[in-house]
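The data blocks that follow each hold one structure.
Two complexes follow with chain A in common, the first pairing it with chain B and the second with chain C.
Let's look at the complex of A and B:
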């Protein structure tokens, strides 16, 4: 019995490790297809539907998260949101307050469609796969992904904690105030 | 000899590489002589067996040891002197030559960004993965890195020099013979390190000037409807996010400059010869050619690919 438990534990660890290490260079994983409409408000007609629980396919994936970090600088998100997401002319992404919500599908539509007060729309310009990598990375800035997959410290001097040391906090959606 | 040896330190095409080759042969012969001497001495010892040694006097033994040590020191001195001379020779080109050409090469995972420096910013030429240099003129290559440590090695022209993030290094070389040489990243830098080659074309001075003038021109305007459609794909599709084509709306800075892509001999940093078929294959699925490289499959429709190729082929 104990041997069996041991074996099962090993398999579980290996399986978890596999997802962390998987490098999917081409295909867009099935979870990337959003099934529910993205809501920006809790006001709904009829009985309220629960929020969708779509996740970025890269939530637990070290490669996808590190690609997100690279793209965050390459596509100049850093120019508006700060190199470590601390905020500049765009809002901070490291705090727990979100104008348009912190769920993966909400972030996806923020990046893909853009937002009226100055957030450019990246949809159609970059592949959806990269948007999902950015979604996962943005979530990691607020401690919303697993710490063992999140990216670690920068090579240069950094003012902020590395992403894999940021703890999860309760995220709230504030809307414009 | 069959194929031209484009990436061989034993077939130098420039003064530094020639000195390095010279040092290599000196080292080879000194070490060979020492090696043979050691093997012969050992053979004699084995053949003569124990008997002879026990009968030899203390003085003879001491003399033998002294001779062996003396010979080793001589060999070492020869190598050191030779190394010092070659080192000085290799470094001597570093002295600023007013006629020198300056090129800046920035390493990226897994391609080389190239800029021909000029005090006049409008004359700076940006390209990638393939450089042209004039024969008989010293070339200073300024080396930087955008991500991890890479190393530039063009065996026919010089030894290695690392590209280190946050630090600028420089290497001086000169080609004495026209031809095509191949350089290679020589410091493991990640998944596609092996497919990170740099083409070096050593041109006669006139050819070089002609090439440089051509490189300063923006992309030509499309002339056929298909080319126009192709340009549209570049400007409105994903390409513009990463690539620059001077003279169009595409101004991305995270990937090789494509303004003169058709004039390069290979694509994907030496991964494939630059033919229409290979270019098409690369654009449809770069991850198949070079898995893990930083260009995602752009997801173009089949009606977009042919016009795109028609357009890219005009970027001479």
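Let's look at the complex of A and C:
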């Protein structure tokens, strides 16, 4: 028990004095992950570390966002998540409910790693740069990027408001996945 | 164990206009399944193994469609037009699964069986005890990843019983057999590959010691097939593809289709551009019927892929049609294509109800199909000749069938084009009727059809094929058809080719139908389970279930000698995924088009799977 508490304290403050007692199985010391951990949960042991502030390099970039939109169709994200992100086989990306988080680094790992209940793992199949464009576009579907950068028109049947006019998702209060 | 009762319900009432395939012999009581020799001890072929005898026993319900003729008719009459008002709940069972419950319970001897949507748990309930406690459960633990390639919710349409064993499929592509008495696994055969976009959602059929299983995945560019497995050990006996060279489709010298357009060498290649047949769909996710006299198996093939028709000029054989095959060898006898070069995702997989009808002066052995394309077909099941094809719902996308050539008459202005939105096409992609199976009463001679009233806007788009991801190429938005109601429940006279009566429903009627003597049962997406008079359509009883009903109702006689009606509630399925997967209808294409039509379903019902068993005898 004492050892466990010591280990926890070690994680929280990275106190060098605990080194002797540390039991490393396979992981790196927690401190090494401090700024790079992609967390899928708000819950952390000990005192929470700040969330990473990683952002997609395309979040404010109209060209990157429209590339994201093109790739969303070309890689058949649209087939699983709805042409305008309303969901189909996969969950809606337009609402404010996220299973695996809506931060850029969380979205990046979702798209790259895949997720167990049917999200394919695109990592290694498409370039990272394109994943970052997709991340920015997914955020725009939920109204999370600046409106002047978000794409504004559909080339195809208009079946939803354009990304730069999407309203606040919190207005829809129906059910959960 | 003894039979509960002599289950030979009098069938003298079966009337003049129609005679009925599965009601031939009343002389033998059904075999007592629980005291049968274990399946491993004797061969599965021959009369002993013929599940058709069991299917004739109205006390039991051993396959989803009740019998090989797929009538979903029982002559049990304790629950009647007179007393159905008093019908109440005998017991319930929560499946704990919140996806769409499209499967029916089965009853064999004193046990009820139910297979859930993914995770496809198979339950056995002991009907001899109060509240029907679980006797055993079998958990196949299907991969979660399979859910990503299931186009239309993670449904399962049921198990089937034959010869002491149960057979069912898992979403991740396995066919499984377990011992009906113990739940012990007999065999598992991996058939479908999720990395190619294949899943399995259909209920198998067992005929003469073979289990028939088809794949799903028509929205993923898979190549459709029907596979026959040995019921004894699960080994593959044959596989018939729906596209490609004749040798893969099992087309040989005995193939004699009725129409010229189905004759020629390797049409499964030549009616496609290039290699498109390899990703051409034609999956087999619907229903199979069997005629023991003709020894022919009947089933349909689904839509060609992708939906965008401009990417696949040609008739796209052998998709969107129906095959008659020998169950032993799989060789094809005839084929008929309901939608050559399908333009609208009009799969040809709906159930084929077999009956002998008095038509044009003579008795005809027919099969009946209420197709996605809006036409009710009556087809000579020996030859594949279309006897009649009449619209049973609003249709503006075809003008019926040219009875000389057998070909669907197209309406050019409703044909989708890439990059152009064609508006108000009726019926919509889910068709005038989707998978939801109709019932047929030999007493009234009527078909009872649960169905849709939907139109759509359709734009073809370039689809890129990436294995394991959707291959659709269409932007579609559904909407209510004329009148504003999105569903119908129709009693249809197949000889007169017109409706006898019709009930409007607000939502598409996505449940199956059941005829229990003079009563017809069906469920609605807002959760009403209804009993109506088979003759008049008058509503006699309804019960509000906890969630929308899209399951297949069935009837049985309990060990206590009383009749029961059972149905699983649990919203979901292709349209119900709006609720069960919490889609966002602000995108009208959500759920592949349902966002436009069913946004209000979210305020009409919530998800949750529950089995309901009803009785007029007070229950136990």
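Just so we're on the same page, the second predicted complex is superposed on the first by the 131 of 177 C-alpha atoms of A that agree within 3 Å, B and C clash if a C-alpha of one lies under 4 Å from a C-alpha of the other, contacts with A are read in each partner's own complex, and residues count from 1 in each chain.
Heads up, the rule we're going with is that a contact is a pair of C-beta atoms (placed from the backbone, for glycine too) under 8 Å apart; a residue touches a chain by one contact, two chains touch by 3 or more.
Just so you know, these numbers come straight off a predicted model, no measurement behind them.
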Review point. Does the superposition put A:156 against chain B (first), chain C (second), both, or neither?
Key: both
Review point. First (chain B), second (chain C), both or neither: which does A:91 touch?
Key: second
Review point. For chain A, which side has the bigger count of touched residues, chain B or chain C?
Key: C
Review point. Regarding the shared-chain residue A:83, is it in contact with chain B (first), chain C (second), both, or neither?
Key: second
Practice item. Examine A:113 and indicate which partner it touches, taking first as chain B and second as chain C; both and neither are also allowed. Key: neither
Practice item. For A:75, select first, second, both or neither according to whether it touches chain B, chain C, the two together, or no partner. Key: both
Review point. So, does A:130 touch the first partner chain B, the second partner chain C, both, or neither?
Key: first
Point to revise | chain B and chain C contact sites that coincide on chain A, given as residue numbers | key: 74-75, 156
Practice item. Give every residue of chain A touching chain C within the complex, in rising order. Key: 73-76, 78-80, 82-92, 94-95, 97, 116-120, 156-157, 159-161, 167, 169, 172, 174-177
Revision key, fill the gap. In the complex, chain C touches chain A at residues 144-151, 219, 419, 421, 457, 459, 461, 464, 466, 468-472, 475, 477, 577, 579, 581-592, 595-596, 602-603, 606-607
**Study point:** Residues of chain A that touch chain B when the two form their complex
**Key:** 23, 25-26, 70, 74-75, 124-127, 129-130, 155-156
Review point. Residues of chain B touching chain A in their complex?
Key: 165-166, 238, 240-242, 254, 285, 287-288, 291-292, 294, 296-299
